[in-house]
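Some notes on the structure that comes next.
Note that the chains are named A, B, C and D in the order they appear, and that numbering of residues resets to 1 at the start of each chain.
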Amino acid sequence: MDLTYSPAAAEFRAELRAWLAANIPARWAAPGFWASLDEDEAFDLRRDWERRKALAGFAGVDWPVEFGGRGGTPAMAAILDEELARARAPRSVNTLGLTFLAPTLMAVGTPEQKAEIIGPLLRNEVIWCQGFSEPGAGSDLAALRTHGERDGDEFVVNGQKVWTTFARRGDQIFTMVRTEPGSSRHRGLSLLLIDMHAPGVEVRPIRQMSGVSEFGEVFFTDVRVPAAACVGGLGNGWATAMLLLSFERGASAIGQYTDYLRAFEEIVRVARALGRDGDPVVRQELARRRVELECLRYHSLHVLTEVEQGRDLGFASSVTKLQWSQAYQGLFETFDELLGPDAALVRPTADVDLTALRRESFWTRSVTIWGGSSQVQRSIVAERVLGLPRGS
Amino acid sequence: MDLTYSPAAAEFRAELRAWLAANIPARWAAPGFWASLDEDEAFDLRRDWERRKALAGFAGVDWPVEFGGRGGTPAMAAILDEELARARAPRSVNTLGLTFLAPTLMAVGTPEQKAEIIGPLLRNEVIWCQGFSEPGAGSDLAALRTHGERDGDEFVVNGQKVWTTFARRGDQIFTMVRTEPGSSRHRGLSLLLIDMHAPGVEVRPIRQMSGVSEFGEVFFTDVRVPAAACVGGLGNGWATAMLLLSFERGASAIGQYTDYLRAFEEIVRVARALGRDGDPVVRQELARRRVELECLRYHSLHVLTEVEQGRDLGFASSVTKLQWSQAYQGLFETFDELLGPDAALVRPTADVDLTALRRESFWTRSVTIWGGSSQVQRSIVAERVLGLPRGS
Amino acid sequence: MFFALTDEQRALAASVRDLLAGRFDLAAVRAVFDDPAGDGHPLDLWKTIGEQGWLSVRVPTEHDGLDLGLVDVQVIAREFGAGVVPGPWAATVLAGEAVLRAGGPEQAAAVLGPLAAGDLVATVALRGPGGGPGPDGVAVRATAAGRLDGIASGVEYAGVADLVVVAAIEGPGPSAAGTGPGLGLYLLDPTVAGVTIEPQAAPDGTTRLAALTLAGAAATRLPGSGAAALADLRRRGAVLAAADLVGLARAALTRTVAYDTDRVQFGRPVGSFQAVAHHLADLHVAVTMAEHAVLYAAHALDAGRPDADLAVAVAKSKANQAGADTTAAMIQYHGGIGYTWEHDAHFFYKRARRLIAAFGDSQWHREQVARLTIDSVG
Amino acid sequence: MFFALTDEQRALAASVRDLLAGRFDLAAVRAVFDDPAGDGHPLDLWKTIGEQGWLSVRVPTEHDGLDLGLVDVQVIAREFGAGVVPGPWAATVLAGEAVLRAGGPEQAAAVLGPLAAGDLVATVALRGPGGGPGPDGVAVRATAAGRLDGIASGVEYAGVADLVVVAAIEGPGPSAAGTGPGLGLYLLDPTVAGVTIEPQAAPDGTTRLAALTLAGAAATRLPGSGAAALADLRRRGAVLAAADLVGLARAALTRTVAYDTDRVQFGRPVGSFQAVAHHLADLHVAVTMAEHAVLYAAHALDAGRPDADLAVAVAKSKANQAGADTTAAMIQYHGGIGYTWEHDAHFFYKRARRLIAAFGDSQWHREQVARLTIDSVG
């Protein structure tokens, strides 16, 4: 056991922390700050922040140098996540491109794709969306119906995607399309890259129950896509998607832990302002949630170790997803419960404004649905990790 | 809404209560009394008690007079359950015969069966066991393998039953046997009545995790059973079994409620003796359990009303089973949790002896397994009550 | 022994359900929900409520009411919950309870008839900011001359009310026993001088809440009131909230079952997956128990049963749980769509969370259960 | 950054597991379990433990020990839990910790060598009847002359111990800060005059417990002891109990998975029913988290990390939950057989419940978490 980081990693942390201290305005850390901005304003601020961060050398820290990365270790990537959360930096507006598309291109992209896409993505010049889910194909990706008809060097794509994060502000989308007519389920799919500004692409924002519109629907009507804009081989989309999704597995949840600790402390402050933090019953419930958060931290250190040792985590990433999503959602259930008689209000007292925490509380209802619902994750754990016989 | 009972029912309660007060020794109500007896001693005492109760006219209160019953209402049966539990009377040692076999015989028995079996059963002269479960056919009754080969006017029965209550002390057993060679699942079964003292019947007690041996295994080796000792028609066993099990549905859980209230109060006394009853956290947990018990009471009043109105409860009885089994088991989980530092001991302090409550605590682990496990009950509620599509 | 709804009560439930579905469906709810600055009080709905006599259930016949019980009121409250219906019906009914049970004959004559006819919108203001249910949660004081000073929080529909029943501390306050003088209920006309009404923003758009600030506002005391009357009103409020919760819980469950009977994933209806089906089955058990508990509590208050206090605490605790769990499951088992503004699931989810806190949250009611069932064990 | 077991530690785990499976399987456990009047201390097992060096892990090399950490100890403790192994191994290790950390050089020389070799059975007596973990749970007093009076409850294997580490109040008792003088740890030879050992009946037959009554019994103080040393010992005891719990939780889960992979109901393996499979998946997540938490807590104590207190409280809370839930599920998903005496499930179930209460139950540890993480928020 050794919980210290390598000298290089420690040095990286110090450098990063100093840069963050100098570059993150104090007002960003105020609980209500981001909730107080309108959505476009917030997006622009986050995009600009992300660009500045990349220019300062804090993007792609564990990417190879040849792709503009820093050539660092997984530990450095975890440190980046941790320090960003600690500094209350906003989450990236290009997460899906950075987490999924870039490493997929590094592995199976054409030389042109590598040259043209990865750099601008890293520098946040191009915002990438993901188009996987469809109405009727949520957890069940293989049920998708968006299709592309071959026409010379192009595909003519028609169909609809849903739950696309930042759809309204995206520039490009990597999306699963059925490119072989008559194929079904896992066969005949391709991962296509589509320009969201192309004719025939329409976006409709989806308003969430919190009132925020981070997701959108994307409609394709006779959108012409060059056949070369395919990643991983035509008709080979399922395998490419599995490769792509596997890059989530290596991700340690240390950034999430740090972020949820922020939420925990904000909730404790609310409990105190409402005179509830000394109540033994409330203390037990908060402690129960904190136990789950600390377990997430220890688990993340273990995952990071495994990745640094070069081990493939395989389906154990479902364990991580279940733990973080349920710890996070559960924390906000306790939040709901401790608010007391004026729980119905946005401002239960003059000095407590719950706008931001309540928005986050509503958000936590979604984390057990997207990215593989808890039900899907449990099936994976049961069958792939525990080896239980498959249900029919 | 009217929670008062009819004058006849109220009169019955008064009469019963007076009789119980005069006939139940005070020592029976002491928490450790029954646990202090050896098993045979306890059985003999219970059997004698049951006989005296029947002689006094407090058996079969809702049975027709022609079968030796009192011709009373379902409300009177519920009152009997309630008053017996309130008086801390032991549960019947002939429950399975009284609840299941007798009404089945009244409905589909031959005149001889009605004449010969019901009276002695009511008077507790004959103890009836139930032989349904087998190793490998627990919740899945249709998987049973005990079989009877026809030989003239008799069947020659071979096989094994398990989880037979009071197997060691039973006189007769009503049991499901595959009487058509080569049949499978629900077909070719018959409900046979077998003398447990007949040659070829062997009983092996099953010791429970609490140390008590209320269950047993019953082995049949070339046991000769008259073909006439079949209830509901040869080969018609599945339908007969469904009819038989349906008699559980009308049973209100008011007796269980009263009994669990006794457990609740004993647990509260333990909490007080250990100085835990003022702890706000313990109080919340005990209250949570009490809420479920009170709900069981209200629900039982509703079930009783439905039965008195002549309505068939159908599969809603699974709701009752889930509620009582989980309320009861949950109450003892709270018991385990509030015992504090000396929870491992039988006597955490000189004046607290947990023998009886701990035996009951272990017993509650079984109530979500037998009589249709919680998993089976939930499937019934999902498919038959909510109408969800059947899983495969 | 009859623990069930009568045929008349079932008919009433069906009638409320059908009328709401026909005249005030979820699209109409949405219009109110999406207009938080509006008064949340659609007049066409209110007219229907008045015409149908849904405000007259508890009003004595001499004031042209139906003179029925809380059991009948909870029949209607459940349907309002099932339809996540906006408007001051529940608040008006509760204010009527106060006048009915603690008002003098003149007050009854002035209030109950118009209230029953739907000519009067009323509400109750029983606690201060952060104040719990009970005398120590009250933050309004009354002078001997009947002037009120202080603040009440979370007052439903204060903005459209013609009449507010206000709980106020009198003299040195209530005695330790919680009964006797020291606390009174007052009838307040919110248009008099010294009354300020400030809307309070709240996530549940199916209702409107406000803070009421009183500075020497003139009001009339209900002569039969006191700490016991406040407790009585709090119990009735808890039963109404619990009834609304079980109504919405049942609706949330039924809608989820219907959706997952049709929705296909991995080639099968979602509702045929056992993990989902079993969770829904557990929720059915919980909702069923909550329904019985609310029915029992309402009857226990109607009949003055000695276990009424326990029954109310049990009903509100269990209804809170059923409301919280079914509405969370409604979102989860609708998949992504259940989390959107466009879908109706969040009406149920947010209304449930408002009601869970109303008239005593789960922890408060469980402590009542503990007080009544632990401390009494000999 | 290396948060995992080393190859050596993995090899140690495998070696303990294999040796226990070969020389002390569940049939051997059953013999101890079914003989509650016996001393619960099979000598062949103890001989193996001594030979294998499983008692020498923490003992410094100058006393012929391995001088390793609590991380290595928890490797062994997990395997003991997985095998529901009886005997005074954990008690002896814990007594050794006291001598190691608070004993003088002579005490260390006298105790640690024989202890490491398996020549000495030792145990700890840290609390009175019903006494919680901490100074106020102690019910033994020490005179200035080192005589002990009072009672200790739940002492593991007192009946076979050659040595007992006893916590005792000194003078006016510990200060409010919980540190400094006022409390000491004493080495007691249980054969001296004034010591009465009375076995305490307990459902978990895999261990033996006793009450220790002291009346002027002569004992030797550990010079480095005090309230802090007691807290240190309590933390180490909690980690050992938590490690045993996660070991048995993992074994309970693994055995249940294996059983339900084969057992067929309704024509399918029970483990293929989604409701069962998903519950087992949730338990796998819980056990995994508990394993990580115990590993972290052990390391935090080894490394003297500032968050060690929190880590111990987190580990014990989580291990308690994993132990309770997996052993209950083990019974449920074995069907009727899991509830019988003949099946081994109840060993796991009963041992879990003993350990859950040991060195602080869940409520106690959660309050520690609250103290450390709520009260410190600025």
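Going forward, a residue touches a chain if its C-beta (ideal position, glycine included) is under 8 Å from a C-beta of that chain, and two chains touch if they have at least 3 such contacts.
Because the structure is predicted, anything quoted here is derived from the model rather than measured.
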Between A-D and B-D, the pair with more C-beta contacts: A-D
Longest centre-to-centre distance from chain C, chain (CA-based): D
Whole-Å gap between the CA centroids of chain A and chain C: 40
CA centroid of chain A to CA centroid of chain B, Å: 53
Where chain D touches two or more other chains at once, by residue number: 273-275, 277-278, 363
Touching two or more other chains - residue numbers and ranges from chain B: 280-281, 284, 375, 378, 391-392
For the chain B and chain D complex, residues of the former touching the latter: 133, 136, 138-140, 143, 162-163, 206-209, 211, 215, 274-275, 281-282, 333, 336-337, 339-349, 358, 362, 365-366, 368-370, 373-375, 378, 391
Complex contacts: residues of chain B adjacent to chain C: 1-6, 9, 75, 264-265, 268-269, 271-272, 277, 280, 283-284, 286-288, 290-292, 294-296, 298-299, 301-302, 304-306, 308-309, 319, 322-323, 375, 377-379, 381-383, 385-392
Sites on chain D touched by chain C in the complex: 273-275, 277-278
Chain D to chain B touching residues, read off their complex: 127, 129-133, 137, 153-154, 200-204, 209, 264-267, 273-276, 324, 328, 331-332, 335-336, 338-342, 345-346, 349-350, 353-354, 356-358, 361-363
Sites on chain C touched by chain B in the complex: 1-4, 6, 69, 71, 253, 257, 260-261, 268-269, 271-274, 277-278, 280-282, 284-285, 288-290, 292-293, 295-296, 299, 302-303, 305, 310-311, 314, 317-318, 363, 366-367, 369-370, 373-375, 377
